[in-house]
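Per-chain numbering from 1; labels A, B, C, D, E, F, G and H assigned in written order.
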């Protein structure tokens, strides 16, 4: 295994961005993602690409907007409070149908919170924390290897859908050090960008704009966006099923929580409990059809998050009342342990399945 | 009716704030809410209160944070892109458990969009567009009279729950001029604020803070917030039912869209169709129980929004698969007409109810 | 007879939607003339503000990007960094540049970003209805200081050229007042120099144009130019602040 | 024997969590001494930054508010406007004040907001691990300019006092360098004056303290003070910039 | 002798050309254009020097000049 | 004669007091305190003037002075 | 009171008094205890010197204050006549200020009323009262409120510095009404 | 390969080489084809001069890299011994650098191993190698990897300017191992 290096998730993100031919990085320090701008300040110039430390997260996302408008692959990274500052900019970028990648290494919130792991920016990422009807395509790595590999995927999705892509991590995924293979085996597509504002030589001028005072035109834009998201719902759902075949209870989780849940599934199976894991890779699009199909087969669900209950709403929407959906969450930087999740699994499986019509919000 | 004045919704908001003993207004111009800061620049000094035009929406929400921390009733107002810039600040204010009021006169989005009416900031308002697990108590007036009356309500809720309250309007509600009665009949509660940072005279010093590096402490804060939101779910649901008694199809809408839907209900009834309206006044807390109860009685639902489908998700969550939930939306500043909604109603009622498990996203 | 003045190629055919006598149009036209003279229309990318000039992309014959309110310098930075051989300018009003966008303009200047900034100071928020701007004069009325700007309540006007001139980054900063034919010529020259500097790689250039807003000032265009001369130039003296 | 130096009442009993020799503690202590001397501990509200001094509320004996990164001047404005008879100070690092919070500090100064600002310039982002700050010197290394700040790439350091001194709003602006006992005394005096001005209703006062960051500079505390004298004061000369 | 042409539909009647023409060659019309503005009109062809000041100051680029 | 007291547990061993004491009354200890720092210690009681410079410069307010 | 419902768009150049007559209509409706919503154009749309507003007067509660198909257009100049004429509902009413605009040819379904408002205003002695002439004509034709209520609204709606013009405004109103009666 | 799973927290003052021995463990695990996650403390927690990290070595896939109850604590000073000793899992292992700290009294369930690491390091001729002494003792006791793999990791893990210290580091490792074997 000599081709494996020990590396932080955050650093692997940088190597992934380089492999994805990322042209420009604009960022601002914030824990727990500082290794990204730091490493990028070294790697990007080495590869003849652009690194710039912006004066703020607001400036950074608007620099990304400019570089993306110019037809280049641009990205930024931050963590929860810094991502909140990018909401206006992201709404603009989505409205202008520009591709870019935004990494959020989530921490404990709300407010200043702490720099420990969190997953409470899920709503913000997948429902659109900014104004208006836009969505971010959102993917969530769970290992250092995926931190590396999801960056080319993210840039590809961004270009393909002309939409910002969010790589939703958390402090565990960003800070942990694992062996990683920087294999560089990516097929990097070049997407033609005839719309780019890079100088109107030999063509009509291009305009990048999201202002349409005529409501009919603005509605057309919205319909185009929605059609695109529908497209993504059909083609870009990514997930990983683990021992779900005969599972009566399926844990649903993403990122580091999904790793923990994999351990829980093994522990549960050892105790003879029919438990499986549905690990979400794409958060938007959400695997609505897949979960619904499992629900139709009678499986119940337990959503596990480092939040007070966000992803669980999408699980409930997908299940649509067919079976029971439970929730186990930890907040504020607390990481759920396998033991406590297992307890909840035991509890759930000894409890006969009930049709719960009220959202249950249990935060321990 | 000599005690009725013709007044814009935005102006009524200002008189409501004055009646609510609002101590300080911090804002920044943006259409379609400019009348609010403009009128406040006149009214607040007249009443010996604070008006300040901030350098930006970011500064404005942080001034509100300061004034609220000092124990005063503070507010700001803006419209969609400006509200997006307040996401970090709102997450801080919620995390610090400070009361304040934020008015969003929604326009067409995403991006710069236009200054026409929109309702596509619903997710942002009710799910928390900022980072972390916080919620804004959200109420939506639909007339100029309510623009006036909901301000004292908003400040009261804010103080009672020590939480930011969003008054979610749209360009129609903000810009239309209707007769209003400035009756000043409000019971304004004075809430003791022993936590306020207003100088530690004769008491231990106070600290307003959302930084808790100990995850256990941060989790405690989160649990406290969630308990508060649960409390609000029990006590603060507000809605108005119109001809729902025997309705087979219930329109669900809020704000100006609900006004339009009321017309639609009357038109439908004239054609003999059993249609009712559930007009949401509180958006968070959402009337989950109430909708679920109606669904149990067999009613189907049609959510109508000026968005590509946001509130409809909460309707679906509440219905939880019991009956069918349809959606009709217009975006980008387009306002649905009674005629087109009625068409959809006819269509829906002639279509036999089906159990739809996939979210339907129909944007015309 | 020879044609001695015709519409510059840097402009599209669209009619300006500005109010009668508004000098946004004048600034647009001069930028268009300079682009034509320097033959850079097909390699220039302009960044529009949010303000009355929000529709600028309809008028300029080059590639254009609509920035969020105040963020034009950041957007321009993003473009210029990835396309260093293109010409990038941003165009901003006083609310856009000197209020919400204060951080972005100062840091673009401090970085010596090789871009050209045209700054239209009309002492008010024209687009949103004449609210107080950071550059509103002491005593001047606006819809958010109805009895005139009171420095005790609302502070003092911000002098952008003076502010930026304390930085090491900028290569050229000038304030001009196109209130008469000589002022027009001076303005045009300044804009040209601000673009030439970029072509020469000299770094950040900014031209502040003392402009009018007949509508929100509630004056005729001719009165508005007089008002600039008599009142605005007291607080905002024209001149070259940086040239290096 | 008489006690001639003891812990000021403006401080709590908490031990500072700063690195050994870090001058954040020195600045805290001096603010505490001034609050005690002016007898204003029980009517002062302090606003903490996001930066190494983020835990300042643990140390000061007065009411404290934790602001979002860069927004302390806005928060302080909010407090002071509704409680004009209280004393309000904010405390900010160079990343906080001169980068993300540029707009907020400039506009608080332009408004002549009657608050006191203590500005700790240590040329780096101490808390987040030594990244480049707006005040990082040309050539100085940081974790985001590993081969030293290159003005071509990252621009030039921002001189906050010089910048703010172009405004009409501020009543008092001074830069001090507490690198020796005389510098300590000068610093204390400046902080005192910045609070006294507020008591007299004179408006915005700011003291920039050239501070150290032994950890991120990778120096001993004593070396760090020498480095301030030898390098920082070249770019950031101490002195009174505004006093009116 | 020189000549100017005012595009009546582009003109917004701001009167700047009238004000700045050193020869007083331009006046305001009495009528209205389609948008509802009262445009200016070239009246003293003989006095015009073709100095193009009118075109220089016209915000709406409504004037062309021949000399 | 004067006296200073160094709070051994508050001291972080930054050496500033040692550096700035005009009389050379302070030295660094060899041992470690609970946090793992090597604190300073008052060694030349007789030379101390009670000038309080050490207290003035001590970032951790670890020194009290009597005179 | 009989059931009735009127949706009117009023449009013209800034300075032609478009908002004032909208406000007079709305105020008169309040006096008559009718439901009314007045929706003036706002924001960037008011740039370029034009102005328009929608007034809805009804005996029923009013839903949307935004009218997608008004039953009446009162157009004070050509540009906005051209803009709004196509939106008027089938067989609606269009009042044209023929002093500044010529009647539309492509709405044969509508009742087109020609009012030389500026000329009449000049005749009554206040050239600025063309808006009142138009209003008078409209109120007489459609009767959403009475002329008396409009007159009674003048003192409340007009700023005091214009109160001396109320008599001549009333005259203009009446002349407009006479024209179509 | 037998199934095994080790969770270790290593803690000490900055400069005591806490991170280095964590990295050596992780690297050795990679050499031995075991699963490993190394989770260093980061951010504001590294202020104040202390450092700690978690290493998990396992033959299974590793879930959370954050250990809520490590089976081993390697404590290089008193402050962090006090902080982390309570988190060690029941009947776990605590290695104490007795040159700078005294063994905890309140964990009678745990196996407490006293290593006078600084003293031994001085003896072998590199006073900075106390960390290596602790590591040697731990590896010998728990055998998560072999001492040879640790040695083989030295050149990769240590910056080149410290390569001349590898022999003395190896000596320190061995002395640590001998102490407990």
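Here, contacts are C-beta pairs under 8 Å (C-beta built on N, C-alpha and C of every residue); 3 or more make two chains touch, one makes a residue touch a chain.
Everything numeric here is computed off the predicted structure, so don't read it as measured data.
In terms of the stated touch criterion, the partners common to chain D and chain E are C, listed by label. Ranking all chains by how far their C-alpha centres lie from the centre of chain B, first place goes to F. Centroids of chain C and chain H (each the mean of its C-alpha atoms) stand 62 Å apart.
Separation between the centroids of chain C and chain D, computed from CA atoms only, is 34 Å. As a whole-number value, the distance joining the C-alpha centres of chain G and chain H reads 86 Å.
Work out the mean CA point of chain B and of chain D, and you get 40 Å between them. For chain F, residues touching at least two other chains, in rising order: 12, 37.
Looking at chain A, one finds that residues 31, 34, 52, 55-56, 58, 81, 88, 92, 96, 112, 115, 209-211, 213, 335 touch two or more other chains.
Shared interface positions of chain D, defined as residues touching 2 or more other chains, are 18-20, 54, 66, 68, 99-100, 102-103, 106-107, 127-129, 134, 154. The list of touching chain pairs reads A-B, A-C, A-D, A-H, B-C, B-D, B-G, C-D, C-E, C-G, D-F, D-H, E-G, F-H.
Across the complex, chain E is touched by residues 1-8, 11, 15-16, 18-26, 29, 180-181, 184, 214, 220-222, 225 of chain C. Residues 23, 26-27, 30-31, 33, 36-40, 42-45, 60-66, 68 of chain G are the ones touching chain B in the complex. The touching residues of chain C, counted against chain A in their complex, run 41-45, 47, 54-55, 57, 60-68, 71, 74-83, 86, 103-104, 106-107. Residue ranges of chain B in contact with chain C, taken from their complex: 28-31, 34, 37-38, 41-42, 45, 52-53, 55-57, 81, 112. Across the complex, chain D is touched by residues 99-103, 106-107, 110-113, 134, 151-152, 154-159, 162-163, 165-169 of chain C.
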